[in-house]
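Two complexes are shown next, each including chain A; its partner changes from chain B in the first to chain C in the second.
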Partner chain A sequence: MASAIPTFTKIGKVIRLNKHGCTNRPFYHIVVQKTRDNFDGPVIEQVGSYDAMPNSQNEKLVAVNFERVQYWLAQGAGISNPVAQLLGLSGFLPNHPQTLIQSWKNRREPPRERKLQPIKGIAPPLDNPKI
Partner chain B sequence: MATRAAMFTFSKFRYFPILKHRVAKFSVSSNLLNASALEPGYSRDPGEVFFKENVQTLLERLTGRDCDKVFHNRKLGERLEPPKYELLTQAEVDHVMAEMEVKLKRKLQMPPLLKERDPIKKIYSFNPELQGFDDSKYVFINISQGITNRNREVVVRDPNGVLREASWEERQRMCQIYFPVPGRKINVPKMFEEGNIQNCLDRDEFEFVLDRACAQFDPDDPEYISVTRKTYDFVDENTKYTSLRPTRHFGPMVLHLVLSKKMDNLLFHFINTKDIDAAANLVRLFHTVADDTSPTEVDEFQLIENYIQGPALKKPALELAWQSFLEIEKQRREVHSQQNNASN
Partner chain C sequence: MFRIAPKKFIPADEKAEVKRLYDNYFHQMKSLRHYFFEQSLEQAESGEVAQMKHRLEEEEHIRLMEENRLENEKTAKLREEKLKIQAEKTRENILASLINKEEETRQYEIQIEAFLEKQKATPFIQAENIEKAIEEALANPVDFNFAIDLDGYVYRGRETAIEKIPEEERERLRSN
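Moving on, here comes the complex of A and B:
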């Protein structure tokens, strides 16, 4: 693997997000897995976690075992897009182009508001629809 | 800036088994801009004074070792066991006593008195091109093994694109979430808020407040310093020293009083309770802290007299107490000598 940023291979080990949690409450494990395994299949090592729901202090918590991530990258593991973005945000890797593109898009045009219609007599519209 | 790598362990909240916690770094800096150590009237940087050998021995002697009170039954919500009685040889008894010494030392290990830590202000990078990627901050913590929580990298990416080191509060919260310390809550308990502490202190729950503060905060946390100072000042004003006397908090309290020049109440208390050793040790501590000298007088009575005549602030009350003590002492000696003569 001669590339600076590990590229995604067909079959090999990859560092990616596994979605756990429950409905309307995602929670991701950052894991090292073989590409072909399912999200609920065998995991080689869990290398962190990412909580996509902001907490009461408006923070999204990301825990990463950087020492092990370094090890697996050295072993030739790939990284998935979201994990690469997270690592870029943390400063471990350079900023991912996707983050830059998304930020630019968000600034150009604010994310579309989903307008939820009230269901007559049963449910009022939500106060804060998730964008 | 001199850093001393001192392995300092101190006991945690009484509810839980004693843990080892390393206070890895405390720096003795002569930064004049950081006047927080001097604000409440401390004459010197407490971190400098606390760890000196002679100061430590003096504080240990002042605390004493009342085994009954140190090992008193605590209400932990655990099942109580009846005491065990064993028949032992002298050698076995000595062995057990040696073990108890070790336990006693751990229970009486004093939480350090440090000055407030400086806020963290380091910025790693500024990427304004990342503005808009999200509305919330991303807090990253390095969960690698083998690093202490004090050195753990905790980094925050703000929505405006700044990548900075997490502030002390964020850092402590994150470390508590991912590496929980028993006895510590993630968010600061309501007990430490203004009105609520006063409530606890009015009910004489000094040891509880101080133990919990020790478990919840690091010793150089501004909140820890304010809570402990409030408690120490309250105890001093109401002269309720006996409840804290055999605990591990007595040493830091005495040092706090000496540094903020409020030790006269305590000296008064010692003279009234006829504890001359403690009074002499207190005066010796005063001299050590004030100008690093150990006084030359060997006679304790002379030492205390010199202090009362000299640097004391509450001279009238102290002189009165001292005179009445001397009279009682004289009468006691007369009675004692009469008894000796009678028996001879």
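Moving on, here comes the complex of A and C:
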């Protein structure tokens, strides 16, 4: 289809996570940027946020503006892996293979100790006083 | 030094499964991008923004057409006036030129009349006068011969001798 060709020429823009926040407290902005710009460089549009620290209800909150994501995908923007995974989990895109691979690896052997505990199903409340 | 990193071993079926997953995923993403692109095209033509744009454009178009019409009318009026003035001028010019022409023809005719009269007035020898003219010519021979002196004195006639003419009657120190 000749009309579809423009979507595949790279337009140099990408939907990815920009890390903001402070030490030991990451907070990601889901952002549309030119591929070459730094994380602290100019941002074309912010399209959501992802909080990596689980809150008091043991949830990691993600906000996504699906309309704008659809617009940028139609324009031909790329997506980074984490953003693709998040969108897959939300149902907007198909599930990313990485989520499936990670899940069966987790089932096979438990992951190593991390400061932020991964959420498994209905997770119990955290009892780490430091978080 | 020269430490070789241990290569991760992944069984073949797991690799195949991973490949299958990724192929499916990319296939689906490709089709989704196609779909979004076409959706955006349709939106561009029939979305609210597009409709508003259409409406504004139409209004703009109507307004401009009105302006154009008014301008045309103005210029048409001016043009008509100019044309009227020009027509007047050309009419006057034509009249003037016709009058001039008449004048000229009249003058020409007068001149021709004068010329013809002059010609008629000159003594032409008609058939009746011929014998008289011959007799007259024979009776009065005209002698054009003349001599001229170094001092500028003219002696006319073929048969005149210089000594026979007295000094007072010598003619014309200067002949044109």
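General remarks:
In this section, the second predicted complex is superposed on the first by the 102 of 131 C-alpha atoms of A that agree within 3 Å, B and C clash if a C-alpha of one lies under 4 Å from a C-alpha of the other, contacts with A are read in each partner's own complex, and residues count from 1 in each chain.
As a working rule, a contact is a pair of C-beta atoms (placed from the backbone, for glycine too) under 8 Å apart; a residue touches a chain by one contact, two chains touch by 3 or more.
For clarity, every value in this text was computed on a predicted model and none was experimentally measured.
After overlaying the two complexes on the shared chain, residue contacts for A:P94 are found with chain C alone; chain B is out of touch. Look at A:L61: by the touch rule set out above, it reaches chain B but stays clear of chain C. Of the two partner chains, neither chain B nor chain C is touched by A:G21.
Chain A is touched at more residues by one of its partners, and among chain B and chain C that partner is B.
Applying the stated contact rule after C-alpha superposition, one finds that A:G41 touches neither chain B nor chain C.
Of the two partner chains placed by superposition, only chain C is touched by A:Y71; chain B is not. Once the two complexes are overlaid on the shared chain, A:Q102 sits against chain B while remaining clear of chain C. Shared contact residues of chain A, touching chain B in one structure and chain C in the other: 95, 100. Against chain C, in their complex, chain A makes its touches with residues 1, 3-4, 6-8, 70-71, 73-76, 93-97, 100-101. Taken together, the chain B residues at the contact with chain A in this complex read 124-125, 127, 129-145, 153, 155-157, 163, 170, 174, 177-178.
Every residue of chain C that touches chain A in the complex is listed here, in rising order: 18, 21-22, 24-25, 28-29, 32-34, 36-41.
Residue ranges on chain A touching chain B, taken from their complex, read 48, 54, 58-68, 86, 89-91, 95, 99-100, 102-104, 106-107.
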